[in-house]
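There are two complexes below, and they share chain A, which is joined by chain B in the first and by chain C in the second.
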Partner chain A sequence: MRMALRELRRRPGRFTMATLTLAVLASLLLFLAGLLDGLYLGSTGAIRAQQADVFVYGDTSRDSFLRSRIEPHTREVVRQVAGVTAVGGLGLALVGAAVPGSDDLADAAVIGYELPPRGVPEPPAPGQAWADDRLRAEGVSVGDVLQLGTARIPVEVIGFVDDTNYLLQGALWVEPGTWRAVQNANRPDARVADDIVQVLIVRGDGTASDEELAARIDAATASLGTGSGATSSLTKAEAELSLPGTREQNATFNQILGVTFAVVVLIVALYFALLTLERVPLYGMLKAVGASTRQLFAGVMVQAIVVATAAFAMGAVVVAVGAATAPAELPLAVEQGRVVSTYVVLVLCAVLGSLASLRRVVRIDPAQAIGGGS
Partner chain B sequence: MLLALSEIRRAKARFTALALAVGLLVFLVLFQQGLRDGLITQFIGALRNQSAPVLVYGEQARQNLEGSQISPDQQAAVAGMEGVARVGRLGEGTFTVSTPVTRAESDPDDRLIDAVIFGYDLDGPGAGLGAPTTLTAGRLPTATGEAVASERNRDEGFDVGDVVRVEPAGLEITVVGVATDVNYSVAPTLFTSWNTYAEARRVRNPDAVDVYPTVLALELADGVDEGDALARITALEGVEALTRQQAVDASPGVAAVSQSLNTVIGLLLLTALLVIGLFVLIITVQKASALTLLRAIGARRSTLVRALLTQTSLVVGAGVVIGSVLLALLAPAASSIGVQFRLGQVLGMGVVTLALSLLASWAAVRRVLRIDPIAATTTQGLLR
Partner chain C sequence: MTTPLELRDVTKVYGSGDTAVTALAHATLSVAAEEMVALVGPSGSGKTTLLSIAGGLLHATSGEVRVGGRDISAATPRQLTDLRRDTVGFVFQAVNLVPFLTARENLLLVDELRGRRSKASRQRADQLLGELGLAYRTGNLPGQLSGGERQRVAIARALMNEPRLVLFDEPTSALDTQLGEQVMELIKAEVKGRGIAAVIITHDERMTHYADRTVHIVDGVLNAT
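Up next is the complex of A and B:
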């Protein structure tokens, strides 16, 4: 093993090609993972922030906020379900926001709420909003009056909250009446009456699992009839994945990450197969003087791990610099956990790739060292 | 050439393995390219294959059909513009529907599906603007409650004669025709009359008061400069005019799908480059002693390099053929997701792969060029 490390120290040039190739792949892995996390977090913030166990949608809405509609009688039935301790309404309108002093419209998600999400204060007064930090990057400041939608409904920003966005649109948290005013003025075809909300969030007393509570709610509202009050209830995790494109986005990115890891295995396998091939006479010699296959192969594996580690460090630096200089609209979020897991999987792939050389190391005949082998 | 062919003949297993690996990679690249093109068509086919050459969006939508809406004032202003020959209303929305096929499902969760509905004017000055242009069976709608459906979804209850119900209230739409490549957002798509679309909106939301067009479908007067006309319309308050192609290119999903699948394709090409490069390098190292001997008995460097490149090209060429045959065999089974055998794409891929293989051989060529014939006179040199 010491010899393997010494070779790395004394002949680093021999490993340059493999290290650089893996560094490119490592930066690609981290960038893709950062993009996946950034897209996911930026899309699901409004759901993740809710202090709720179950989300209740209209049963014909296909779990879409914009197609869901909850009438007061449904809400009353949900409120009476055993285990339910609190029920709050949510409503959502996606609009362009005219920001004072800016020529460009900001993408905004106006969210009317009754029960405060984590980190969001109680609902503000009509015409006021808590804005998500994302809108700061669009030039929004406390005290600004934003004009929402084509109808230019004025809403004053009274403070900022963090990580509460919806589908990468900056959240504006308002009381339900303000949401209805924005929705009704801008989308006459999606108008909502005073007592209607799109989705209910439900808190349970902890005596039933979230899945059980969701099932109980749907069973209780089933008698109201399809499209007339029956509901489709989801746990929080299910609600996050029900957002448009979220599930497909995760699947696509994970597929790309999987292909990239497979490429890493292949590259390491081929590279160390080549290295081993070049060292056949040397290994024959070492075996002749008593080195075991295990010792020789451990050296190959250590080199693979060191190369993967160096490549990962280089890739991480590239991505860190990229993330620091990237424009604010690029949803890049390099999470600590993701960095660690990427490193672990990369090293595992390198070890897996180096295993391809094992057979060749085993087959080396020490007799070659004295000219007895072929 | 002879040397290269003789070696391939005598080490069939080794070269077959490389040809198969390259073939698999070529197949994967061609498959992903087909998937990318098919998915993009499913995202924006409805826009690409509708009859209006110009679409006017609400400025707030930032070229996203889902967020666009045109007020009556804007509609009147656009209609009154010089150079505009005809203006029609075009509505778009995603709805929950059931079809004869889904209604027969035993699991209630499978009885409802998403469908995109486009509504256009069947009569009036803008009649027919926004109608599908790729009808393959049946006819275009002529009355309220009729629609042309996306051919891709025929088997899901969108065939001619099927009745699609918009939920929750059960507004019925009868499919009277089907058209190819008219999906939007990868969902089953229906082109119906404006009135049917507006009714579907009201079904979805009983509180709806007015239904505004999503975009305006325009036809410019003969002889009018398209660029000038679009600029004049865009100068109006709150609207943005786009040609059909501009609308397609700006659609959400197109860039995301292209970037995602192009990343995978790029990775596969990089893998092909490295696999070919390392493989060629390995076989060159393995036969280093034989090459040294050949050099010692007078073989020129160029002869050995030519043999190496010939060998690489032949094996990679065989890989391209294997990948193409695989695609030709499997494309019919994957046609539902848009994968097709396109000769131009296959030939292009062949050229790219051959170019990559020559680039990948660079390290092996360098090693051949560095061989010193004098090494043949030492045991150490022949073993290296």
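Up next is the complex of A and C:
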């Protein structure tokens, strides 16, 4: 193992090409992972911010905010389910917002709420909103009065909150009446009555799992009838994935990441197989003087791990610089957990790739050191 | 005291049936401590096979092989690896040293393979290199050494594990006559001074007079002279 490290130190040129190739792949992996996380976090902020265990949709809504309607009698049934401690309504309207001093419309998600999400204060007065930080990039400032939708409903921004967006659109957190006003004025085809919300968020007392609580709620509302009050309840994780395109987006990116990791395995396997082939006489001599296959292969594996680690460090620097200079509209989020997991999987791929050399190392005959290989 | 190397009626056959080739036929050879045996023969005569069997690199097809008194005829590959690491020293003709390790590190490698690395190892490596006239070359890579110096480092490495038996595969073939004679003098001094047994394959009849005895091998059959 010490010998393998010395070779890396004294003959770095032999490993340069493999390291650079893996560095390109590592930066690609981190960039793709950053985009995946950026898109996911940017899409699901409004859900993730909710201090809720279960999200309750109308049973015919196909778990869509925009299609879902929850009427008061359903809400009352949900409230009485064993283990439920709090129930709050949510409503959502996607509109263009005219920002003072800007010619372009900002994409906005107007969200009416009753129970404050994490980091969001109590619902503001009618006609006011807490705006997500994302809207700052659109030129929005505290005190601005935004004109929402084609009906140009005015809403004044009274402060900013962080990481609460919906499908990459800047959230405007308002009290339910303001949401209904925006919805009904801009979507007359989908009006909502004063006591109706789109989705309920439910907090439990912790005695049941989120899945059990969701099942209890659906069981309790089933008797109200399909389309007449029956519900489809989801855990928070399920609600995040039920957002349009989120599941497909995750699957697509994960497949690309998987293929890229497979390419890492292939490159490490090919590179170290070639290196091992070149080292056959040396390994033959080392086996002759008492090196075991395990010792020789451990050296190959250590070199693969060091090369992968160096490549990852280089890739991480490239992505860090890229993230710092990327335009604000690029949804790139470099998450610490993702960086660590990418490194771990990259190293595992390198180890896996190096295993391709194991068979060859095993087969090296020490007798060939003196030309007597059988 | 046990004999460092004993071969009794050793035969090695490669292949089987019609394609069988007998590389070594009923070879019997004993090499005592402080004894230096030159093994001479034409190409393909079985010299390398004999050396490989003696060093635990190959299994004999039949016969008994004892190294340091221990019968290795039926040893497992792992036991043979341990034997080579702990009991036998090798000096090869071609690839001898690890090119990216210094002269000292090439010697320390022997102890590293045994899971040992201590100040004593380093002292022993430096002492061996000093005895072989390489004290000023301990930190040099093989590529920075002359052919004779490289061969001396290889000899020092072969002595690093304090072996009972050292096997030399044409140690002077890449050297000119003068350097070859110096190396043979050195080998002889080490064999006698350390009480080890040595078998030296050589094509060069001029070098055989350094040996205590010469064994000729033709078509796998030994003839002592």
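Basically, the second predicted complex is superposed on the first by the 373 of 374 C-alpha atoms of A that agree within 3 Å, B and C clash if a C-alpha of one lies under 4 Å from a C-alpha of the other, contacts with A are read in each partner's own complex, and residues count from 1 in each chain.
In the analysis below, a residue touches a chain if its C-beta (ideal position, glycine included) is under 8 Å from a C-beta of that chain, and two chains touch if they have at least 3 such contacts.
In this text the structure is predicted, and so the values were computed from the model without any measurement.
Peer 1: So if we stack both complexes on chain A, do chain B and chain C clash, or do they fit?
Peer 2: Once both complexes are aligned on chain A, chain B and chain C fit side by side.
Peer 1: Mind working out whether A:51 is in touch with chain B, chain C, both or neither, as first, second, both or neither?
Peer 2: A:51 contacts neither chain B nor chain C.
Peer 1: Name the contact category of A:281: first (chain B only), second (chain C only), both, or neither.
Peer 2: Once the two structures are laid over each other on A, A:281 reaches both partners.
Peer 1: Considering only C-alpha centres, what angle arises at chain A between the directions to chain B and chain C, nearest 10 degrees?
Peer 2: 90
Peer 1: With the two complexes superposed on chain A, say which partner A:367 touches: chain B (first), chain C (second), both, or neither.
Peer 2: It touches chain C, and chain B stays clear.
Peer 1: Could you look at A:259 and tell me whether it touches chain B, chain C, both or neither (first, second, both, neither)?
Peer 2: Only chain B is touched by A:259; chain C is not.
Peer 1: Contacts for A:292 in the overlay, against chain B (first) and chain C (second): which applies, first, second, both or neither?
Peer 2: A:292 sits against chain C, while chain B stays out of touch.
Peer 1: Could you say whether A:61 touches chain B, chain C, both of them, or neither, answering first, second, both or neither?
Peer 2: first
Peer 1: Which of the two, chain B or chain C, is in touch with more residues of chain A?
Peer 2: Partner with more touched residues of chain A: B.
Peer 1: With both complexes superposed on chain A, which partner does A:96 reach: first (chain B), second (chain C), both or neither?
Peer 2: First partner only, chain B.
Peer 1: With the two complexes superposed on chain A, say which partner A:246 touches: chain B (first), chain C (second), both, or neither.
Peer 2: After superposing on A, A:246 lies clear of both chain B and chain C.
Peer 1: Can you give the closest approach of chain B to chain C, taken over C-alpha atoms and in whole Å, for the superposition?
Peer 2: 7
Peer 1: Go through chain A and flag every residue that touches chain B in one model and chain C in the other.
Peer 2: 281, 371
Peer 1: Provide the residue numbers of chain B that touch chain A in the complex, in ascending order.
Peer 2: 58-62, 67, 69, 71, 94-96, 112-114, 167-169, 201-202, 204-205, 207-212, 238, 260, 263-264, 267-268, 270-271, 274-275, 278-279, 281-282, 285-286, 363, 379, 383-384
Peer 1: Taking the touch rule as given, give the residues of chain C at its contact with chain A in the complex, in rising order.
Peer 2: Chain C residues touching chain A: 14, 48-49, 51-52, 55, 57-58, 78, 81-82, 84-86, 90, 92-96, 98-101, 105, 109-110, 112-114, 117, 141, 157, 161, 167, 169.
Peer 1: Which part of chain A faces chain B closely enough to touch in the complex?
Peer 2: My answer: residues 17, 21, 28, 32, 58, 60-62, 64, 67, 69, 94-96, 105, 107, 149-150, 186-193, 196, 226-228, 252-253, 255-256, 259-260, 263, 266-267, 270-271, 273-274, 277-278, 281, 371.
Peer 1: Taking the complex as given, what residues does chain A use to touch chain C?
Peer 2: Per the touch definition, chain A meets chain C at residues 2-3, 6-7, 10-11, 281-282, 284-292, 295, 366-367, 369-372, 374.
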